[in-house]
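Dropping the structure in here first, questions after.
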Amino acid sequence: MIIVLCPLIVLMILGGVVALEATSLLSSVVLLGIVGFGLSAAFLILQAPDLAIVQIVVETLSLIIFIAVILKTTSKDTSTRGRGRTPHYVMAAAFALIFVLAASWALASIPPFGMPSLRMAEAYLSPNSLLQPTGAANLVAAVILDFRGYDTLGEATVLFTAVMGVLAVLRKTGRKP
Amino acid sequence: MNLIPLFVAIPLAMAFVMPLFGRLSRLLPDLLGNAATLALAALSCAMINLPMMVYKVGGWEPVNGVPIGIYLVVDGLAVLMLLIINVIGFAVSVYSIEYMRKYTDKARFYTLFLLMMAGMNGVVISGDMFNLYVFLEVAAIASYALVAFGTEAEELEAAFKYQVMGTAASGFILVGIAVLYSLTGTLNMADAGKVILEQGRSQGALFAGALFLMGFGLKAAIMPFHAWLPDAHPSAPAPISAMLSGVLIKAIGIYALCRIFFNVIGLNLTTSYILMAMGALSMIAGVFLAIGQWDMKRLFAYHSISQMGYVVMAIGIGTPLAVLGGLFHLVNHATFKSLLFLNSGAVVYSTGNRDLQKMGGLNQRMPVTGATSLIASMSIAGIPPFNGFWSKLIIILAAVQAGYYGLAALAVVGSIMTLASFLKVQRYGFFGKLRPVWKKVREAPVFMCVSMVLLALLCVGMGLLLLPGVKDGLLDRAADAVTGGTDYSGLVLGK
Amino acid sequence: MRGMTPIVKTVTRGMAGMIFLYGIYIVLHGHLTPGGGFAGGVMVAAAFVLVFLAKGSPEAVSEAKKERSSMAESLGILTFWVLAMIGLIGGTFFYNFLTKGKPFRLLSAGFIPLNNIAIGIEVAGALFAIFITLAVLKAGGKK
Amino acid sequence: MILLFLAIFLFLVGLYGVATKRNLIKIVIGLTIMEYATFLILALIGYRQGAAPPIVVEKMGGATFVDALPQALVLTAIVISLATTALLLSIALRIYHKYGTFDVGKIRRLKG
């Protein structure tokens, strides 16, 4: 389990770093795919088929959107390393160091991997699950659409908001003359 | 029938209907938008003086005492926030009827505006961490789009910066939720608070607290995390600036911070020192940055950072009096800061200019705008008898009472500097000699004036909230909800 | 936007149909098997995107398509809202008011399949609208 | 534990991209990586040793399932992330039309 996941996540990290450092935006978007599809494989290993499916289709579609944008504009990363940015990098490194130390200090107190505490989820996963109260065989669907359906309304609203935002931002003229 | 879900359901319904029918008539978007905000304002007024309510969405009863569905909780603090959001929202939507004529696609503007209202209401009534996150994103994404609504270079850049920082903040919040879920096994805030209390506050909880502080601190623009605000708030259309500065940073920043720190994780001495330090820093640095600005809206935006500093500092002090003062200041700031931004919008509407150096004497041509802005300026500067004076007085008294003399002195200094910078606004903007360029300037249209006068009346009348009978119903209850701390879980879950 | 060669168009038409059907299958079986309204909705949107890319629509047509998919999105999310509100009228927001039926059948789990369909429509409309908006945008302003 | 660490490291890689890259598309990519890392963290938290995926199949015994709740949260968060990315990209596209570049250094208010 860990033996499979560890290299996968390391691969994702490497993919992420290379994607950020590539000079061509098109290749960096494609390299982002390593992270995305790697994530989907990780979901599959972590016994989350729902997430794996969604992640694959979303990754594909967001790749299309990224590429559509880049083809309309430019694929060269011409950005310069602005002058006097060294303090910036030092601060970022210091923050990362503090963050990692704090995380390692904190993660000692959470339950070990593979043994989550199921306080709220107990009811969703009752051993007698044939009789679980929603009657759905897919427990994730039962959670997102029934137990936490209100969240899903919010989620759908976020997507709706984003579409309204995209349509508003990309309309032809913003102000009346 | 319990009405709590309507706070989210009404604006959402109007927002969903708008793209379908908004094109049919010119008046329809205005009508639908204002009807929704009016209904919300009425609904929130009906919530005053009701006892604390817990609403179980989907009718899922707790199993073995553990909540399994999403809870909506309306307690004193939530009622206070609902009032601010919906009353200011109503005033702003009335104002937008005229103001947004300058922009195209009004239907989409109202859609996004209502979605933002729904998001904020959802954050405030939620009793569940992840639900809070989802509605926070609704409000935040709507606000990103609204900042970019004019689609000019300035607006787009500000929106991009705002959204990048906001999304990073959301990432921190989500990791914080993950850590807290792993620790407690529940997402319900009351239940999580109970578990943390039983386990003792472990390292994981503190780490989650730090993540939340970064995330919500960024959304509230407290000082080390403020970089986006002075760009985003001035760039937005004026009604949206008023909403962002007046309400949004409070609803998805300060409110969420209070909820998590006081009611779930529980405040300890370190966190309260951190909050006080961040608050004092924002208070002083914000006002010093503000006083040098010549762009009217930018000056107001820096003052938002500074005034939020007062609130955060007072909440960090944590004594009942300080919390009361902080919350009162929060309400007051919502009224006068949104009024100031609406004033600046009226000036921009009539003159097309927001540079103080080019204004002057506008009082002669725009009496309503001038008078209301004078009231708002005196309120924010803390001149008696306006509302800002009382809340600042309470905060300073509370700081002295708790033995933080330094903080009290800083608060006084901040207040004096605020007065100075608003004297500057009045002197250069509205008093003095009228420049020949502005000889033909006309007062803003009637709906804009109505909404500004409404907010000005609130500014004058808000001091009444401190009267004994009124105070118990609203402010005391809100302060109790905060200072009650982890009693929250007992109240929500029932003994 | 120009279209592609006839071979591409023909193959795409067949492929897109299959993707579309598979998307609908995923939506309808969301409560039984992995997937659901969201995954299925994205697939349906992807089928439309495929056809769009192969054919290349003139901009006048795309504008109408954008309006229509935005309206489909509104209708989908409005349906979801109505399903939640029926619960409120009966007593509780989001109350699962339908009979649960027999487990493992297509018609089971109360309103979950209906919700899945509503979300599927919403997501498909939303993503296609985003795609069209980005695709037909003409470069304006300074270049 | 090591897995969570690696996930947090991925989060920091994304943050590094957001904080230091000077190209709008690269910044968006950095944000996407950050979000992916949070999904991974959530999925790791919900995993149970030796448990089945949370789909009930007919005639199965009393199997244990992995925690379905974090999975539901990730599902919601994926949609939110997609929505954010789309909006951010369209703003970036519009900025490109104004300036003809994605370079932060050449865009007036984004310097620094």
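Should a chain be cited, it is by its letter among A, B, C and D, assigned in written order, with residues numbered from 1 in that chain.
By our rule, a residue touches a chain if its C-beta (ideal position, glycine included) is under 8 Å from a C-beta of that chain, and two chains touch if they have at least 3 such contacts.
Bear in mind the structure is a predicted one, so any value in this text is a computation, not a measurement.
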item	value
Pair with more cross-chain C-beta pairs in contact, given C-D and B-D	B-D
Chain whose mean Cα position lies farthest from subunit B	C
Distance from subunit D to subunit C - Cα centre to Cα centre, in angstrom	23
Separation of mean Cα positions, subunit B and subunit A [Å, integer]	29
Averaged-CA centre spacing for the pair subunit D and subunit A, given as whole angstrom	2
Sequence positions of subunit C contacting 2 or more other chains	33-34, 38, 70, 73-74, 77, 81, 84, 93-94, 96, 103-104, 123, 130, 133-134, 137, 139-140
Sites on subunit B at which at least two other chains make contact	12, 16, 19, 57-58, 130, 134, 137, 141, 144-145, 148, 151, 156, 159, 182, 187
Overlap residues in subunit A, where contacts from two or more other chains coincide	49-50, 54, 58, 61, 65, 69, 72, 103, 107, 116, 118, 120-121, 124, 130, 137-138, 140, 142, 144, 146, 148-163, 165-167, 169-170
List of subunit B residues in touch with subunit A within their complex	12, 15-16, 19, 57-58, 60, 63-64, 66-70, 101-105, 108-109, 111-112, 115, 118-119, 122, 130-131, 134-135, 137-138, 141-142, 144-145, 148-152, 155-156, 159, 179, 182-188, 191, 195, 202-208, 210
Subunit C - residues contacting subunit B, complex	70-71, 73-75, 77-78, 81, 84-85, 87-88, 91-96
In the complex, subunit D residues that touch subunit A	1-10, 12-17, 19-23, 25-26, 29-30, 32-33, 36, 39-40, 43-49, 51-57, 62, 64-69, 71-72, 74-76, 78-80, 82-87, 89-94, 96, 101-105, 111
Subunit D contact footprint on subunit C (complex, rising order)	33-34, 38, 103-104, 123, 130, 133-134, 137, 139-143
Subunit C-facing residues of subunit A, complex	49-50, 52-54, 57-58, 60-61, 64-65, 68-69, 72, 130, 133-138, 140-142, 144-146, 149-150, 152-153, 156-157, 159-160, 162-163, 166-167, 170, 172
